[in-house]
Amino acid sequence: MFVYLKKLFAMFLTVLLVLLITFVTFEIIPGNPALSRLGVDAQESQYEALAAELGLNDPLEIRLSRWLKGLFTGDLGISMRYSVPVSELILDRLPVTISLAVMALVLIVLIGIPLGIVSAKYGERLPGILITLISQIGMAIPSFWSGIILIYIFGIVLRWVSPGGFVPWSQDAYGAFKSLILPAVAIALPSIASIIRYTRNSIMDQMKNDYVQLALSKGLNLNSVLLRHVLKNALIPIITVLGMIAANILGGSIVIEQVFTLPGVGRLLINAITTRDLPLVQGMVLYIAFIIVVINFFIDIIYTVIDPRIRLVQRG
Amino acid sequence: MNKSRINLWIGIVLISVLMLMMVVSLFYTPFSVTEINRLERFEPPSARHLLGTDNFGRDVLSRIMKGSQTAFFVGLVAVSIGSILGVLIGAISGYFGGIVDEIIMRIVDSMMAFPSILLALMFVSVFGVGLRNTIIAIGIMSIPSFARITRSGFVQHKELDYVKNAKIKGVSNLRIMFRHILPNVLSPIVVAASMGFANAVLAEAALSYLGLGIQPPNPSWGKMLSESQVFITVGPWYAIAPGVFITLLVLGFNFLGDGIRDIREKR
Amino acid sequence: MRRIVLILILLLFAVTTLLSQRIVVAVMQDPDFLDPHRAAASGTYEMMFNVFEGLLKPDPNGTVIPAIAESYSVSEDGMLYTFTLRSGVKFHDGSVVTVDDVLYSLNRLKGSNGERGLSSDFEKFVSKIEAVDDKTVKVELSTLNTDFLEKFIVAIIPESNENHEKNPVGTGPFRFVEYRPGQRLVIERFEEYWNPELPKVEEVEFRIIPDNQAAIMSFLAGEVQILPRLDAIQAMVLGDRYNLLTAEQNMVQLMAMNHAVEPFDDIRIRRAINHAVDKEEVIEIVADGYGTKLGSNMSPIMSTYYREGLEDYYEPSAEKAKALLSEAGYPDGFDTKITVPSNYQFHIDTAQVIAEQLKRVGIRAEIELVEWSVWLDRVYTAREYEMTIIGLTGKLSAYEILRRYVSDYPRNFFNYSDVEYDRIIGLAIEKTAVEEKASLFRKAQEILTEDAAAVYIMDPNFIVALAPNLHGYTIYPLYVQDMSTLYYR
Amino acid sequence: MNCENESLIEIKDLKIGFKTPEKILHAVKGISLEVRKREIVGIVGESGCGKTVTALSIMRLLPDNTIVTGNINFSGINLLSLKEDETREIRGRDISMVFQDSLSSLNPLMKVGRQIDENLMIHTSLDNRDRLSEVLDIMDKVGLPDPEQTYEKYPHELSGGMRQRIAISIAIVCNPDLIIADEPTTALDVTVQAQILELLRKINRESNSSIVFISHNLGVIREVCSKVYVMYAGHIVERAPAETLFTNPGHPYTMGLIKALPKLESKGKELFDIRGRVPSIADLTQGCPFEPRCDYSFERCKKEFPDLKKIDSDHEVRCFLAGGIL
């Protein structure tokens, strides 16, 4: 329990630091939310009205205290660009990114782990080496490039799916699936490749253990030994990697949402950064931190479910 | 014996070829990289233009060659920043331990939990786009992994006899850290540097793709990709070439990293 | 094979769109405000043009025609405007537009009872707004401004609406449905529009896609039916499968040189740069030839006020440019920086071509890309830059176009200052006779050209890509998308 | 009962080589041995002498890059000629194995009861209930307290001795003809070691299973085995009944091993150690592989490889001096 608290506290400190840095830098850097909202055609009076409304003309100490107050009351504030509560904006975008991430994770697990097992089973023989080689290449392909190629093949040439259109799940589940599957694949590809490698390595490490020999000596065939004994053991390090991948999917979605023009959190973040929408940027940072804490929490739970040893010995 | 070196050799060959291309581009490119030629737009690959031309009639191969300078430069400097600072932080943290170690490692852990592209993105958007800031951003985001690897090496080695002997002899901490321990924990750091190079190339491409990295007319593979994206129907070679080269370079460094690790593990 | 593909694509378009009677239009940016009196961005007007109407509205020829007003008159001295309301015009909430709504709207702009108005123009120029009877409204100016008529395209909104921002209500052919920040703005057909023939489609979605390349991908995939404002190279990508419309768009693309910064304070340098830039090459490469060469800050589409013959005032000539540079004390050229907003690929491409051209005369220009918000802050407002490339979108009023160069104009980011120019503009706006006014504005354009106030590049043609079965697109010399006349066939 | 003398498994000229990119390295260089029914046979030797590899070759558990030649005759069939699925039939049912380290040989993530049960699942058609009672019986038989509770435990929750009892349960649950125990007591402390040895003897007595007992410790071997094979560098250097081996060792290596045993009276004195190290399997000498470490070696030992010489009806030694001056 103590370990969790320490972890949580460290996360909290880091987020606070990031928030403080964003506040300070948004003070220094050029770019003004009111200007960027109104554009070149605004009259002076319109600009001044908006600047006053956003509190841009208030002295630093007032803005700082307002910021601190918001921070401690959990009020994310109102977006400067959209005049809508930040939490509302984020919640609106969340389903897209979350479903994208979940679909990608499912693909990674469903494709990566079995292929990793197959590759480990064949070890140094041809299928194993082939899968390793392909996964090595898969890891090197930038996801936005594969995204572009996927759009070209499936969107423009074949017209199977339509990039840039997103229908909410509630409206048309199949449509939503169709609009998310390509970006999910693009995000998943490099991670599938790395999961294959990790699974392969982890299984091959486990295969050196005596319990494998014992299982074989019972008369189990290799497949059963892999699935019944080795896999679960091999999963433990893979889960750590999956946790890191889950966090990286969030990062990857920033780029992929841009490629596929999906109305997800990543695009919102880029918008917020380019329009100097400080409350929105901070809200996003908090949101991402929160998601990461949640992911880590789940990972820890999965550990304890899989590995009985962890219930006794705390992981440092 | 050859079998275990195959990763290493693939890596070395790929990197050498690309590096050769980079070195050649310092003195020579088949065509000017920036000069615009309105008569030769979207020429498909031919003997004259091996990789075709782009929407400005510029030779894609020449731009790819020039772009390799950016890729190597970004990778090299970013990895240097990341490894020097990371090793320094990791060494201090691992060698001295205690509360300093605790604080540093907690921060490093939290930093690693954040998607690194996000940190780089924030940095660049805050301090402005361009080559220099891209490099710094990528360098900073690679610090945590170097710090962690170095730290674990130092934690292991500081308990070993040769370190204790050195301490008894009265060798200064600084000297023990960097003359005694560091050479012994170097090989995982070298592996991390190789992988870090690959990641830096990918990160630069992603940032440039988002328009927040290298700025035109400097050729960058990522930027070329984003510029060429719409032309995929009229000039597929232009959209495909930069992607292929990014992949090859990343592949090269990944193989190299694996290769070095193979050798180390064999020992 | 190509034929089959073409037919298939057409079929697909037909099926998907005929069923829905819905149009998706790609737009670059979010609206700034939905409240039409607070909105300033042209990107907002582009969409909300379909929702709101004023007493008058712009027509495709660049003039204004009656809308909520059935007719209007202007007094001889140009100081008094009288509008007669069209009967039976309804707001989207079903209520009829009354004189009170008109008064409410105009007073909201002018400011009343000590409250500041939402429009500095109305505040500055209007002295009195009054209802003559329940059909007639009179507006009296305080200062003469003969271009003021165009101001009455501003939206009339119902007094009863409590929140114009959350729930915008107007009288336009479409009714506002929803706005999702960063995603879309949806409008639907208003059944009780005063012109029963319009609009023709059921629903329009403005999908916000800031990245033009992604927008093109969506268009190619059939997800978007209208791509406004393509540049020519991008249009070329689409090929001949689509319906492409081309027209001048009343935009002035220029390279501004900061007159307050050395060496651009020297007219010889500015002239040298003008000689160094080969506009035709720029148009050819960046716009694939689809652009109209400019010589001053006015597009030929403003035919009444346009001063012809300035386009070739500075013929492209490296010798002349070099000679002028030497004369100004820079025989070997100099180093400078072109600051370009990073979200406009068209301007970035232009900058790349111009940088190459400047290199030929020895000027080494580095291209610096900045985010749009940084550009607005640093270049447009703080005027900290050397050179920049931007497109100034057109207005119906020549005065509003040319007053950017008046010394004390708050957004004169050129830092241009010329006493004669200021005088001519001030004079022009007081002339009621059109020809008199036009000749003064033409004179103003000449001054800009002679002073080499900027490098006036082109009016890039406005290319709209439409789904093959979409017809009835109307081109305006303004930054608007008129959705009411579109129909599928 | 004449089955006492009936042969259960007979290994003839077994050679085991590992393929490397350059050459084939032989870990076992042609050994022959025999285990009779109900017999406990010991194989002794330092680590690296090939005893574990021999055990694994009986189980056909060697990795893909090994080449095994010779003949392993088990109840009339040559194990080496069996197909993969045929070996699986035999593994666990007819021949089973107990490994050295029960902590690593038991799957850490599976309840121990289930690990015993698995064996029954593979080789019997019993239903869940019957299997459970069978498993609990066996657990009781090997002396595990509270079988029902222990069934639910994970390996890390048990002590080393209990874990080894689990491993033995796994080995005997199908009532195999042969149990190969590879250093089953090495990782345990002395008292537990004795209990486990006693258990193995009991199993041998009660269930008619033969046991191949592999150890580097002659003392342990002496306690349980009736017959002992001494292995050195892939060869069998001596075969003798356990008592004979101690009273009348025929090979200098065996003598060394006996000398190296800690004795009560030598407590406090320095333990004897055979000088030098076990040769690597990559070393190829013409002569006797033990020659470099042998106190009695002479010229011939360097050049010639000695044959197994019969010095008694059940005593064979691979040494030129055997039966003579030694």
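All chains are identified by letter, namely A, B, C and D, in their written order; residue positions are counted from 1 within each chain.
Here is the rule we use: a contact is a pair of C-beta atoms (placed from the backbone, for glycine too) under 8 Å apart; a residue touches a chain by one contact, two chains touch by 3 or more.
Keep in mind that this is a model prediction, so the values were computed, not measured.
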* Asked: Which chain wins if you rank chains by how close their C-alpha centre is to the centre of all protein C-alpha atoms?
  -> A
* Which of A-D and A-C has more C-beta pairs touching across its chains -> A-C
* To do: Average the CA atoms of each chain to get its centre, and name the chain whose centre is farthest from that of chain C.
  => D
* Cα centroid separation between chain C and chain D, in whole Å? -> 91
* Averaged-CA centre spacing for the pair chain D and chain A, given as whole angstrom -> 53
* Calculate how many whole Å lie between the centre of chain A and the centre of chain C, each centre taken as the average of the chain's C-alpha atoms. => 39
* Asked: Roughly how far is chain B from chain C, going centre to centre by Cα mean, in whole Å?
  -> 44
* Residues of chain C touching at least two other chains -> 217, 220, 343, 370-371, 374
* Structure fact -> Residues in chain B with touches to at least two other chains are numbered 3, 125, 128, 229, 233
* To do: Could you list which residues of chain A touch at least two other chains?
  => 29, 156, 258, 274
* To do: Show which residues of chain D lie in contact with chain A when the two form their complex.
  => 56, 59, 61, 64, 84-85, 88-93, 96-97, 99-101, 104-110, 118-119, 122-123, 154, 156-157, 167, 170
* Asked: Can you list the chain A residues touching chain B in their complex?
  -> 6-7, 10-11, 13-15, 18, 21-22, 25-26, 29, 124, 136-137, 139-142, 144-145, 148-149, 152, 156, 244, 247-252, 254-255, 258, 269-270, 273-274, 281, 285, 288-289, 292, 296
* Residue ranges of chain B in contact with chain A within the complex -> 3, 106-107, 109-118, 121-122, 125-128, 198, 202, 205-206, 209-210, 222, 225, 229, 232-233, 239, 243, 246-248, 250-251, 254-255, 258
* Could you pull out which chain C residues touch chain A in their complex? => 9, 12, 24, 29-30, 32-33, 38, 40-43, 116-121, 123, 165, 180-184, 207, 209-211, 214-215, 217-218, 220-224, 343, 370-374, 376-378, 380-382, 390, 392-393, 410-411
* Structure fact -> Given the complex, residues on chain A that touch chain D span 123, 209-211, 213-221, 228-229, 232-233, 306-309, 312
